[in-house]
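Inspection log for the structure reproduced underneath, given as structure tokens.
Lettered A, B, C, D, E, F, G, H, I, J, K and L in written order, each chain numbered from 1.
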Amino acid sequence: MAMKIWVVNGPNLGLLGKREPAIYGAASLQEIMALLAQRAAALGVELHNFQSDVEGELVQYIGRAIGAADGLIINPAAYTHTSVALRDAIAATALPCVEVHLSNIFKREEFRHQSLTAPVCLGTIGGFGTFSYVLALEALVEHLRQRASGCESR
Amino acid sequence: MAMKIWVVNGPNLGLLGKREPAIYGAASLQEIMALLAQRAAALGVELHNFQSDVEGELVQYIGRAIGAADGLIINPAAYTHTSVALRDAIAATALPCVEVHLSNIFKREEFRHQSLTAPVCLGTIGGFGTFSYVLALEALVEHLRQRASGCESR
Amino acid sequence: MAMKIWVVNGPNLGLLGKREPAIYGAASLQEIMALLAQRAAALGVELHNFQSDVEGELVQYIGRAIGAADGLIINPAAYTHTSVALRDAIAATALPCVEVHLSNIFKREEFRHQSLTAPVCLGTIGGFGTFSYVLALEALVEHLRQRASGCESR
Amino acid sequence: MAMKIWVVNGPNLGLLGKREPAIYGAASLQEIMALLAQRAAALGVELHNFQSDVEGELVQYIGRAIGAADGLIINPAAYTHTSVALRDAIAATALPCVEVHLSNIFKREEFRHQSLTAPVCLGTIGGFGTFSYVLALEALVEHLRQRASGCESR
Amino acid sequence: MAMKIWVVNGPNLGLLGKREPAIYGAASLQEIMALLAQRAAALGVELHNFQSDVEGELVQYIGRAIGAADGLIINPAAYTHTSVALRDAIAATALPCVEVHLSNIFKREEFRHQSLTAPVCLGTIGGFGTFSYVLALEALVEHLRQRASGCESR
Amino acid sequence: MAMKIWVVNGPNLGLLGKREPAIYGAASLQEIMALLAQRAAALGVELHNFQSDVEGELVQYIGRAIGAADGLIINPAAYTHTSVALRDAIAATALPCVEVHLSNIFKREEFRHQSLTAPVCLGTIGGFGTFSYVLALEALVEHLRQRASGCESR
Amino acid sequence: MAMKIWVVNGPNLGLLGKREPAIYGAASLQEIMALLAQRAAALGVELHNFQSDVEGELVQYIGRAIGAADGLIINPAAYTHTSVALRDAIAATALPCVEVHLSNIFKREEFRHQSLTAPVCLGTIGGFGTFSYVLALEALVEHLRQRASGCESR
Amino acid sequence: MAMKIWVVNGPNLGLLGKREPAIYGAASLQEIMALLAQRAAALGVELHNFQSDVEGELVQYIGRAIGAADGLIINPAAYTHTSVALRDAIAATALPCVEVHLSNIFKREEFRHQSLTAPVCLGTIGGFGTFSYVLALEALVEHLRQRASGCESR
Amino acid sequence: MAMKIWVVNGPNLGLLGKREPAIYGAASLQEIMALLAQRAAALGVELHNFQSDVEGELVQYIGRAIGAADGLIINPAAYTHTSVALRDAIAATALPCVEVHLSNIFKREEFRHQSLTAPVCLGTIGGFGTFSYVLALEALVEHLRQRASGCESR
Amino acid sequence: MAMKIWVVNGPNLGLLGKREPAIYGAASLQEIMALLAQRAAALGVELHNFQSDVEGELVQYIGRAIGAADGLIINPAAYTHTSVALRDAIAATALPCVEVHLSNIFKREEFRHQSLTAPVCLGTIGGFGTFSYVLALEALVEHLRQRASGCESR
Amino acid sequence: MAMKIWVVNGPNLGLLGKREPAIYGAASLQEIMALLAQRAAALGVELHNFQSDVEGELVQYIGRAIGAADGLIINPAAYTHTSVALRDAIAATALPCVEVHLSNIFKREEFRHQSLTAPVCLGTIGGFGTFSYVLALEALVEHLRQRASGCESR
Amino acid sequence: MAMKIWVVNGPNLGLLGKREPAIYGAASLQEIMALLAQRAAALGVELHNFQSDVEGELVQYIGRAIGAADGLIINPAAYTHTSVALRDAIAATALPCVEVHLSNIFKREEFRHQSLTAPVCLGTIGGFGTFSYVLALEALVEHLRQRASGCESR
């Protein structure tokens, strides 16, 4: 049966492709998710994705993953640094989760250097633009396969 | 001509495979690097690697990459949190560099949450065990290819 | 006329009973609220309850309590530590409010030791699992009765 | 063509006029916005306004201003001090934005002295009650006119 | 056999009822403890209480509870914020302990917001005046009963 | 009788117009004050202004306002962040005072984010260049008029 | 009727005169108190004094001053910096209290610069050796006389 | 020959008696200094005093005390908390100096709890209104007499 | 004549051997002190020991060591981190003192990493269980012998 | 045409040579400036110098350097650590400025380790007594010459 | 078979005996290690020692102890406070390690009060000069013997 | 006999001239040291220099200066901010040492504002590019000459 991976996108990511395409690229979040879904299909993964600017809707979506998904990919965007609720939601699922960032948060303002969600995730990937999502997908698939085969990566 | 990528491994990583194989895996750093080199070859990348427990030797190796390498992968290990010298060395090369960690540093002691080297790197990947290196290699190759083709990922 | 008490439940509390029943108990939030309503009825109290993962919906519900409720019981969950908006909402109602926690927040991560909402509440109760709600109900009823009889507890 | 200015009102501001009119005045937010619209009309400005207690809905509204509005006036209320998401939303629009507060935040609790949104705004105005909005409107109109005439105020 | 619960009262609590009765109530600590003992009796609990202004005497009393009491209720008063010794004493007993405060410590000076003793207690109750003791008694009895019946509250 | 408003300008503001006119505008402080005086006259306000680089002279000038002025506008410039003496002087006058800044202090160095004077002012306005003074004048006049008519703005 | 002033001496002060007389003077605490009592007698003041190394005994002594003394002089010594209990005791008496130190605490280690007791005292005097007590006595007598005559010093 | 003591009064103290006499007393600084001079005369002390709102003028006056005065009394007012220059000036004179405050600085805002000048003074006296000056005079005279007689107080 | 060494044991140490013997060992503090006395006797040392849970009693005991003991061994337990009074008492004796801990305080909570007493001690030994006392005895005897022979260890 | 360099001396420097000549040397500031002027003349530099204890007068003097001087040497003394106004003044001139200190500020109190003025200076020199000025002069002349010849030192 | 204990000496310890013998003693590190080896021999312990100023060489030496040594004694000197790499190396060996210091680090600068290595050591001994090594040897031998006999000291 | 001055260059300085000559100048460290040696020869100084990226090798080189050099010039580069070992090494030599920086460290990242080595140096010079070395040489020669002639600069 196909692995089920849910991708969660946080606030302002819905604006991708709509603003300053010279800088952020011409691809909308929908297009990026579509491309990611192709890659996922090639890996035998069924991909679902969700975007919301509302912290609580992200919490709800993550909560619904219990018993439905095998793993999570999350780009919490601005909520990375402020949301204890997202942290609690991820922890509640007890699912492996990969935290993704488009930019390298360590190059930005001081308050973006800390992540409230990272400590409850498997690992983090950031700084590679939209390719960060591809890496996260591979990382999660690798982890789930190793776990299935009884030898978790460390 | 093949891309040249140098992999830099910091303190205590030479002990991999020698201690507690049940936990850290049976593969030594040499074996991991050999596997990574295979993957690199498949991607048309020429891989060099270096390990030292001595901060200054790591600084020297990185300095020698100027004009010789196309990009760097670094696992600064414990020096991530204490070495301004490594940060300066990476910045001096002006090469794209990916910071790699075996473990998820955000799950560990408070003093491991900050990285002195990350702000001068392209991006960071951590928490996926030895697979973190594979992801870093892919990320760096993707970045170099996009740069060569004139459209950097963001 | 019956006292009217509104119970406000914050993010992730909707997952109670759905996940890890061995740990969190088999009772869902609905069942807990039903039991609390029974206890309330015995005390001559009319109980309303509301759960949302969305900070702003909690703010709205609290705002509607002005002129409609005699007191509030709130379990702000993760928003305890981050929500100035909930604090302002509680303060705006000028109603007596009891802050409730299932767990003892002082036993958990450092960032959970501070409460933004507690300074605008009558008092706080935490660490007694679902029984915390029962204690909060009794505390609020006692307070309202003493206030009605002209001698507030201190 | 008329300037278009969008006014964004944050959490708990919907309660204005409903509670403690002796203190906060008898005017509801609707009435204040109506008065502001009159003033705007006199200045040849088309005014839109939006209030939400939900952080993510505010983020969405601001995101929709791209290409639709000439400038923003925002009273982030409690989210001033906690919302990186609002900050990112304002920055994403690249529109001139004026931050408004009814009260003087420097007279209040320590945690209200810092503003996460102010660094991405043109300027801030606070402490003048509902008149703060009028001043913000004038400031924004003046800024847009000077920019139009090629000499930005500083 | 009756549950044995020891109540420990810290510094300055002996002044209750003696000073400013209009504010703190006319009841002395003795009277409050007598009332609590009645309530305890009704619950089948044997209550002992002790007050001291001397930190070390409180430590000694708590130490004597090992093997003699089933649970503790403590109002550490000023020592809440300064006494590592009380914390160690409570932890040493390995008994369930409820921390009680007459006032809501979160409404008071910054240095009263942290509790050194709370992390080694079952839970905390504060802000309800003398009724805080009654709630603590109920909480502790409930906890001991559930533990006796094999299903601890959480 | 005309309202009397005193405008106080702090250190380095005497250099306005003398240095880098392309950036700071060609208008000297004298010219700006003259323009403001015109606006004031139109509002029926008698304006006095004073500039000094010397903290103590600013303190003296403010002290003389007792019994002579109806309100103050102050641009404390660098002293905003360091002068307890200016704060005490403003508080001593018990006059309504508006704090003005040419630039948005929240966009600048960390140490400029805090204001020692703002907590004793009516409100603050910053980021609108020389137009900040005009807004401050309007805000103060509005405040004095509402106070005269018995309904202070909030 | 004679004013009654109680003098409270904290930990280690009992060693005065016993150790290093070349440095601390040859006078024991008893001798100093005797001299102070003479001065008090000359001022028509009845002086009581108490020394203890035990924080709780100091708390008890202060508590007994309610209704018995007109004012307090306290040298809390090391407890100045650590005792919330002494602070609460002084506040509970609602008596005017003068805090005294033999040495200038601002010349000593950083942790001695803060005083937990000073905020609940009338004022503080420190750095004048045993003469600090004489000054405190005069200050307290002056304060009590002015209060008696209806014009408190400020 | 008469002792010469110079009294230095910092910013805003020139307003004493001019503002809010019901609160601060009807005496101007001149009157207070005149009364202090009388007391000084009775003690055989020649008193000089100086007030300035200008930090640098206070520094100059203190510098002139070298070789001219036997001791200093200083009320640095707001400069207590901000002036390294006053601290250096006092230290440069190598004269015994008593720091005086009208109010108890520990009862006020957090930033007033630290004194930059106190560490270079003999001692500090604060909280006794204008009587603080009288106590400072006595303390300084006592210190100078003991030093003259070869046995400094400690 | 025999060296005299006094051993001071702080709060909760009286519980050793009484609670959880499987963890803390079956030996009571009395038995440990008896064994230490034997070792002391073999070294020609006369040993006295004292335990109290009361900070002030420990201060008194230490004060009595002046002129009576040649050196001190202290296990301040919880007071290590909170007692300025113990620090002052040790410093007042001017005796060499060795600070002892059963556990390694650096492995425990953050607040246990700092020691208020260590800076006035000769040295510290911690982490070796009851054997820490034996090491402290040897260290102190060695120090006293070297001092007697005129060549202090460093 | 001769380079014009202005030397700015801050508070308390006017006391040099007047106090404790054994320590600070017998040379007054005037003599030091005279010697520096000789050295300057030898280098073809026209030197002006100014000393004031008044922060604002230093600000004014620096402001007047715009268009009149080629570079600045400043010894801000105590204002180094507290004056944002001096920092703003130096920055406003856009002139190269060398910060000088007689002593090594890193050897002194913690609060002297930070410099508010250094970030807007070319560089800093400290710890070499009066020779620090000579070094600063040479550094500034070298910088101005290299800039004139089109190759700035770095 | 003899216990094998490795002694690791950090930076600058090679200078012992070479500089200021009046202060640090005439013994070189070699002589001290020779004496320690004698003591070790008497205890049936085989001692190896290593000194390096290079952090990474210390890391390597410690790494080689895996499988070769029974325990470690380390004097990390300056690296105590800065080296996460040494900490990781010690932890990686999983060997009991005793941290030794010649001086009492709590008597020295603030930054020397924290130890990065102590949390991964068995215990620490400091302040007893060269005798600290003897105590460490005894402590380690005692620990290894108790562990061998199945009853670890605590 | 010629003065002997040793110049110590820290990590990454070996890259000077090799990278980005347009920015850092075309001169290699060797060329700079050669030029400095010429200047030294003219001053009658024998210059030795050493560069290493390895902290411990720098420590060793400095240690060898005892008895061999008259003074030190050190550019600790990145180790300025992290190396307690270098600080200890410099202090151990008891030689006058001048700290040099090419750039103005106060203009760079916050973590570069503090220097661990400066407190044990004579003074610091920074911000003047390679000319900083020349100034350091002059400062050190001046200091050694004044010390030789019995009048140290201050």
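Brief remarks follow.
Convention: a contact is a pair of C-beta atoms (placed from the backbone, for glycine too) under 8 Å apart; a residue touches a chain by one contact, two chains touch by 3 or more.
Everything numeric here is computed off the predicted structure, so don't read it as measured data.
Looking at which of K-L and J-L shares more C-beta pairs in contact, the answer is the pair J-L.
For H-J, the matching interface among the pairs C-E, K-L or J-L, defined by over half of the contact pairs being the same residue numbers, is K-L.
Chain F and chain J have CA centres that are 32 Å apart. If you average the CA atoms of chain H and of chain L, the two centres end up 46 Å from each other. The residues of chain D that reach two or more other chains are 54-57, 82, listed in rising order.
Those residues of chain G whose C-beta lies close enough to touch chain H in the complex are 23-25, 102-104, 106-107, 113-115, 118-119, 121-132, 135, 138-139, 142-143, 152-154.
In the complex of the two chains, the chain F residues touching chain H come out as 54-57, 59-60, 63, 66, 82-85, 87-89, 92-94, 116. Chain contact summary for the complex, chain H toward chain F: residues 10-12, 14-15, 18-20, 52-57, 77-79, 81-82, 111-112.
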